[in-house]
Amino acid sequence: MPDAVWEPRIVAFFCNWCTYTAADLAGVSRLQYAPNVRVIRLMCSGRVDPQFILEALAKGADGVLIGGCHFGDCHYVEGNYKTFRRMRMLNRLLLALGIEPERVRLEWIAASEGDKLRHVVNEMVDRIRALGPLNLPERFQSWNRELSHQTPPCEGVLG
Amino acid sequence: MTPPQNHAPKAHRAEPRIGFYVCHCGSNIADTVDCAEIARYAASLPGVILARDYKYMCSDPGQELIQQDIREYQLDRIVVASCSPLLHEHTFRAALARAGLNPFYLQMVNIREHVSWVHKNREAATAKARDLARAAIQRVRHHQALQPIRVPIRAEALVLGGGIAGIHAALLLAEAGKRVILVERQPSIGGHMAQLDKTFPTLDCAACILTPKMSAVRAHPNITLWTYSEVIKVEGYVGNFTVTVRRKPRYINEALCVGCKQCVDACVFKDGKFPDEFNAGLSHRKPIYLPFPQATPQVVVIDPDRCLNLKTGKCKKTCVEACDRNAIVFDQQPEVHEVKVGTIIVATGYDLFDPTRLPQYGYGRYPNVFTTLEAERLVNSSGPTAGKVRLRDGRVPRSVGIILCVGSRDHRTHPWCSRTCCMHSMKLALLIREHAGAEVTIFHMDIRSAGKGYEEFYDRCLREGIQFIRGRVAEVTDWAMTAKEEGHLVVRVEDTLAGFVRRIPLDMIVLAVGMEPQRDARELRRILNISCSNEGWFLERHPKLGPVITFTDGIFLAGCCQGPKDIPDTVAQAGAAAAEALALMDRGYIEQEPNTAYIDPDHCCGCKSCLPLCPYSAIQLDETQGRAFINEALCKGCGACVAACPSGSIQQHLFEDEQVFAEIDGVLSYA
Amino acid sequence: MPMPKPKLAIYWCASCGGCEEAVVDLAEEIVELLQSVDLVFWPCATDLKRADLEHLPDQAIFVSLINGAIRTTEQEEMAHLLRQKSRFLIAYGACAHLGGIPGLANQFSREEILRYYFETGPSTVNPEKAQPQPSYTCGHHTLTLPDLHYKVRALDQVVSVDYYIPGCPPTPTLTRNALKALLAENPPPPGSVLAPDVALCDQCPRKATKPLQLSFTRFQRPHLAPIDPQQCLLAQGFLCLGPATRAGCEALCPRGNMPCSGCFGPTSRVRDPGAKILSSLCANLAPKTAEEIDAVLDTIPDPIGTFYRYSLPRSLLRGKVNTSPTNHAS
């Protein structure tokens, strides 16, 4: 059941050491921000498998936010560089597949930058709101309406 | 060290029996999130046997509730929706363990820091909490039993910085029988405290209380003291750091020099010619010098930028002749040492604010504007004026003004309070009056005298006639408007108690400069891989619950590198840091998150794509099998290889693909 | 009395015909095969009609091999019909398995494709701008053509599929082994891809020549640079998808001095093959600045065609997501 009034849904992948901690700090500091983000904690932004991002979009996210440590600060030396390189290619791919690059955002937010976290989340929610819903699950359903027979479930792992 | 369970093939999973608990955290969560509704909703999800809301889950009765339910309802997965897992994950894991359940069958939902504290709209906050709860419930069914990884801890410690914080921490550790390497980048330990004359509020002499500790460091058999040295690289991890230290050449054989200073007397420079760092530039030293009388070690040092022989190779080298111990070694080279330690205490202190950044106060333009550190050296009996307070032209000042909050509590410079300047200035006021008989006026925004005996000290200053004017000083000028102002510096200030702008002519101005992070704090932070606040102060793990612990296991903070503090707080914190390090080293091991990556040898094709990605060389290739494998002892659990394995053959404990996918699905599936 | 021979059907949907060839490639063994099965339907090779199929009882066919993606209404109907009549339905070849090369059409809308093909394409002369119509009435006769779907689909996105035989096309060995496995006592678990669940490097003769530490500063294209016949292709900078692609072909392309282009699809542990190989290759790029990284990425001129050459319809996003609306059938 979709929301009665559309609200942007953003899935966030935050690294344990910097951005997740910054989100905790924003909490401790009672910084108010838009409630549209759902945070998933990983140890490092380098763990963000591009599959996670595509899966989130395919499952109904309107945007995906990835938060890691600033260059030079990665708890695992260079995990954030790995993320950075992947994201540059993924953005090209998403663009080719008709997804606005703004929907997938990579930000470096240090453990002390609770206010930056607030700012980034609010700004991203505003931008996604301006772009409108992506709503891939419904789009996939509408694609399948051209099939004359009811389709079998086709989600899940290949093979 | 490697528990076999972590690699056991995945057993066939029966339908899990999930217990769900949502915490009110008093009113912290319950005010914004409808906890009863979350529990009701969770109870409706597949696999959830029971769902409860409770006032304080982390309390003993809260934990007991989980333990009872595990036993009574044979729960085998637990989800707790409360505060950040970084705060209480270990608490609830321990509760699971007490009830006989593997602690890693727990998943936490952060509905306080990430929900109730950052949102006001109850409906939206409850909806978000519901999504996060659903994600955790879907995730936890994929959790597996794991064993923590035990890492042995070496019993040696490195203390970085030889100020009062480092000295105190090093002595405590050494007394407890641990080997300590104390690294100080200046030629002597002592830090800023060694430059102080007397200390507030007791007015005991800084040197009298510090010198014995410095000597104790020098003498202690468990302490290796490396002055004039810097840490250039830190590798490894808690329990087993490899630290590379660069020892700068002081051109003196430390083992031979006894600090007799005959070389200093014999130097071709008859008099001191170069600003003396210890005296804040108020006196001059020679190229070869002992930093200060109580310097530890008592070893002279040659300044390569000033020494004629080192600069030009043309010098009579009278110093060499004067040294009967042949301690002068002009061809000394930098040495690089590698040491292995289990813990590191960072006590690198602070820098003083540079008052030339506030030109309205005239520092550098008017000779008789001083900093508090300069004033400190002036009142010190072993200082450049032998304790006589003098203006730059040698006159005795009749009136002195001390301006507070220079580079503190000011959004143009530093927003923070440096915490020591009020007390420091009042102490200086008393000392200046005692040494020069001058009238002293303190310009302040308010006097902060929180500390044992501090308010009483303020009272004493008031009683003894120190003037206090409340107002932030606008300007220090030498432009006289009246005959009375002629030949004086004039402080222009709005006296906010009197309610008008005043011009106050004074002979001498002292700027109470604030503290700021060491200029190279960010570089050091990178070397150590610890976090920094925006301002550059090293970041503690938790301001209250972990004030001396960093986010990097095995590295602790002491003193002003973490933020401004006075000597009593610094010493207390150094003790706390030493105790934390000691607890680790005495236990001999640390239990770490078993979040390591692993490769199923039946799945790996040996493509080597993962090998370059591991910064710890934890992934190796088994040449005979043509398969990669992960050395669990080296893996730090970042997961970069997991995300990159092109055939999906690397997984990570606690962050398995299916766990993350379940979480993604959970936060997005509509209620 | 001899056991009745199991019935076999073979059908093609949106495919190039290579998979039919692959069956013929069984060579002498095809005779053996045809002796052990009763071929009830193979329009490409025999003169059996749809009506013959319709007359069979449900599940009468032991196994049907369908190759090709589902692109038209007719293909969809046939897939359903074969599903109904078959005990085992096998997606045969990359197009039925993952959408295949025809699936790359999911980057464009149906209108864009029709317009290009019938109007704007460089080799098209069509001044009337005539386009195929699903039905055409001429006097008393109405002629019909199958309608083109808006999206290309893998077979299992239309009907349920029991097994997958991957490859563009599947190799004779793989086909033979798969059929043997199905005819054996214990067929493989349903849903299996009938090829090893390990990546191709495992079978590649060049594997040992890949260095332990390899990072990329640029990618080469096989038609623009000479290829060393021994060394690992990735180590030479050629974008070989072997590490991300299921084994089973015995590394035919690398043995033929060409990089793997991924026709066997991913292993069972991967949901989106393009995302996975992208993740691996890009993490291992040498540069650290945006400009330098982009310069390396510029050497991959067609990311979709490179990373999803055979798998776009079966990838997580299934194709370009904002093409024109597709609700004509709703």
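Lettered A, B and C in written order, each chain numbered from 1.
The working rule: a contact is a pair of C-beta atoms (placed from the backbone, for glycine too) under 8 Å apart; a residue touches a chain by one contact, two chains touch by 3 or more.
Just so we're clear, the structure is a prediction, and the values are computed from it rather than from any experiment.
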Subject >> Centre-most chain [mean C-alpha coordinates] >> reply: A
Original post:
Where are there more C-beta contacts: A-C or B-C?
Top reply: A-C
Original post:
So how far apart, in whole Å, are chain A and chain C when each is placed at the average of its C-alpha atoms?
Top reply: 30
Original post:
Counting in whole Å, what is the centre-to-centre distance of chain B and chain C, each centre being its mean C-alpha position?
Top reply: 58
**OP:** Identify all positions of chain B at which a residue touches two or more other chains, and write them in rising order.
**Re:** 613, 640, 643-644, 657, 661
Original post:
Out of chain C, which residues touch more than one other chain, so two or more?
Top reply: 266, 269-271, 276, 279, 283
Original post:
Where in chain A do residues touch two or more other chains at once?
Top reply: 46, 49-51, 55, 82, 86
Original post:
For chain A, which residues count as touching chain C in their complex?
Top reply: 46, 49-51, 53-55, 57-58, 71, 81-82, 84-86, 88-90, 92-93, 96-99, 134, 136, 139-140, 142-143, 145-149, 151-152, 154, 157-159
Original post:
Which residues, counting only chain B, touch chain C once they are in their complex?
Top reply: 602-613, 621, 626, 640, 643-649, 657, 661
Subject >> Contact footprint of chain B on chain A as seen in their complex >> reply: 1-3, 9, 11, 16-18, 20-21, 23-24, 26-28, 30-33, 35, 38-44, 46-52, 55-56, 59-61, 72-73, 75-79, 82, 86, 110-113, 118
Subject >> Contacting residues of chain C [partner chain B, same complex] >> reply: 197-202, 207-208, 210-215, 241-244, 247, 266-267, 269-271, 276-277, 279-280, 283-284
Original post:
If you look only at chain C, which of its residues touch chain A in the complex?
Top reply: 73, 76-77, 80, 98, 107, 149-151, 154, 156-160, 164, 191-193, 265-266, 268-276, 278-279, 281-283, 285, 287-288, 290, 293-294, 297, 300, 303-304, 307, 314-323, 325-330
